[in-house]
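So that you can tell them apart, the chains are marked A, B, C and D in the order they are listed, and the count of residues begins at 1 in each.
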């Protein structure tokens, strides 16, 4: 059965390692913070100026002066640091963030990503996405395998305006875990009960299927 | 009679205006801080990271963590701000300093300055001088009119390696106050009892002498 | 030295129609509420506003949009705002969208007196069109220019009469860089204090950058997305 | 996450001969005394040291110079130091002199992931030799490159176990930018505190930049020019 968004977030949380500094995009990526293993410490960055973002506040803790990049009220963990936007993107640009998790509209088989603009629709802007994808050492895309029309979001080349070139390292969808390789999308894991044929049929870009593809364990 | 270094400093202090942010170089310029008129507030910057540098500390106030760019122990005025070297030179480069007072070995008639290197001698480095002269809006040079050998330091062109081009606005020496103009050094004031002929004889660069040159009043 | 003005009206008094203004804040977080209200009241038009976002319909820069006072927005993310969308689609409003880090850094570079720098953000995208591409250590970068403004308007937590500013939590966002970059910088503060009341080690914006300062009033500090947990 | 090491010896343990090291401080102000002592003790050589100054004969980087451990200094002002002068004149030591603001900013740009930028400092001087000159708004600028290092070693006032640093008075100088620029950053602190003990608003260097931290001991904090007034 395909994973739901919580399942995708749980699988991504398995990528976390102790001591990592992590930037989570809006949407499914934000959910990853809920599944950090108890045994490790992960520091979340928010690009509006937080290192050490904590969970949402209780009603009593709500502070209008403290929001995340999604403009939601948040809290700080002990040992948090605050800074301005210029400093925040300086650390992003300098490659200090260990892991970046983003949503996407399309990913190409060489790791290009499109996630900011649909021609003909109101363009809201790229926010910090272009900065993140241009500099992050390790980018995981969290998304559904297909768009609402059922069309593959894993393509030979992006059809939408791109956000960045050759930057995605791994994709975790409702159906599969895939790595970007020199030869295309490498199928690493599949959702339990989902067939490799279904993944093949929903992946338009070049897909490499090893003989045995293990199930995602969550 | 020619001014001594205290006289030069006193004359420079007359250039200060209320609300100015001022950077004083090492040597005679440093003395200017002693002659700020009581009626005005001037904020001194030190390029190692102080805005609002105060006088030297009393013995009891000495703090090894608080020095100026000359590596001397100093104090802070109320309302001081501290920052790092990068920020300090950012504000210098952005032209936020209203007045910079520097020493010099040579100044040319078009406002070039040489004050960092003598070929054949041990070169200690330019410190912040090149940054200051490249960006300051208003540079006054405080120096003796001649070098220890009696040779003019106001030249047609600098003979020593230069620190910056066309940047000096005014020169205050033991003998005179001069402005840099498109036509050369313009004699504005002379030290009391010093003749215009003496200034002419000690100024190798082009000197413009108006009919009446008032005495420096200190 | 007197930087203290009595209120927002006096602070923005010499801002004219056609001015370019940087306004601090991220979403509705840390926006200069008093000065925005004064700009609405003054009714000047044809403004170019540099701000990461464009407010919501009835708060923040949305108030200036409603009155059609803004000619052009320079932002990284807009459109939490129906009137904004309407004006944009009608061609009444120009928008220049810039990657958020590039926007923040272009402002910072103006504050640093650096006219141009290189960043990888946007390389290979439509943001790169018309820009110089240059390789350093085998990686392509775009040349980006410093972004200046006639005025910067920011809101800080505390400020002293010499113009030193301290911010609280995430309200620093674009405000610190903008405060340093404005040709004329106006700061409104929740609490105006005396020199010495802010620890010199904890000053976020040194007074040299701030030309006018006043204690604002009636801060609403509206929350855009109030998210809470149960326990 | 464990960034805390027990002492300077452990902190510098993997620094090898030939390394490029940034060392914070301005003159003797805010220098990493414990780590310098450990580098002397370890005896590694052929070091390239990036530091605004080179210490004095018997303190600061002068201690490394005495042992001939430094191959090259990258500084803005040197020579409070007779041994330095001797080695330089004998050709035993290379020196690269850089305008102080350019030095500070090149380090800052490395910390910001910006490979190159433009500054007016040094235009028309011998510093400009071999550098690209480019005009912006009618003024000439030099292109300067980011300055990186294998290691950055800084000394802060307080630091917490997550690596967040706070500095006191003028000790920030080059240390904050260097701490952010080092491939590996080592911080020695006067007081090692727990997470939460430094107000997040007052952190000068966020923990993300710091890889190893320890509480130093026996700080001498020597004063180069003790100037006092009578009253």
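Simple rule for what comes next: a residue touches a chain if its C-beta (ideal position, glycine included) is under 8 Å from a C-beta of that chain, and two chains touch if they have at least 3 such contacts.
On a predicted model such as this, the values are computed, not experimentally measured, just so you know.
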item: Touching subunit B and also subunit C, the following chains; value: D
item: Higher-contact pair (C-beta pairs counted), A-D versus A-C; value: A-C
item: Mean-CA-position distance for subunit D and subunit C (Å); value: 33
item: Rounded Å distance between subunit A and subunit D, as computed from the means of their C-alpha atoms; value: 36
item: Chain centre separation (subunit A, subunit B; CA means) in Å; value: 56
item: Averaged-CA centre spacing for the pair subunit C and subunit A, given as whole angstrom; value: 29
item: Touching two or more other chains - residue numbers and ranges from subunit B; value: 76, 82-83, 90, 92-93, 135
item: Overlap residues in subunit C, where contacts from two or more other chains coincide; value: 105, 112-114, 119-120, 168-169, 200-201
item: Chain contact graph, described as a line, ring, star, complete graph or other shape; value: other
item: Chains touching one another, given as label pairs in label order; value: A-C, A-D, B-C, B-D, C-D
item: Complex contacts: residues of subunit C adjacent to subunit B; value: 1-2, 110-114, 160-162, 164, 180, 194-196, 200-201, 203, 206-209
item: Partner subunit D, residues of subunit C touching it in the complex; value: 105, 109, 112-120, 134, 136-137, 139, 141, 145, 166-169, 200-202
item: Touch list for subunit A against partner subunit C, complex; value: 46-50, 55-59, 62-74, 76, 82-86, 88-90, 92-93, 122-131, 134-135, 161-165
item: Residue ranges of subunit B in contact with subunit C within the complex; value: 18-19, 21, 41, 43, 45, 51-52, 76-83, 87, 90-97, 135
item: Residues on subunit D engaged by subunit B in the complex (per definition of touch); value: 26-30, 52, 75-79, 85, 88-89, 97, 99-102, 104-105, 107-108, 119-127, 157, 168-177, 204, 221-231
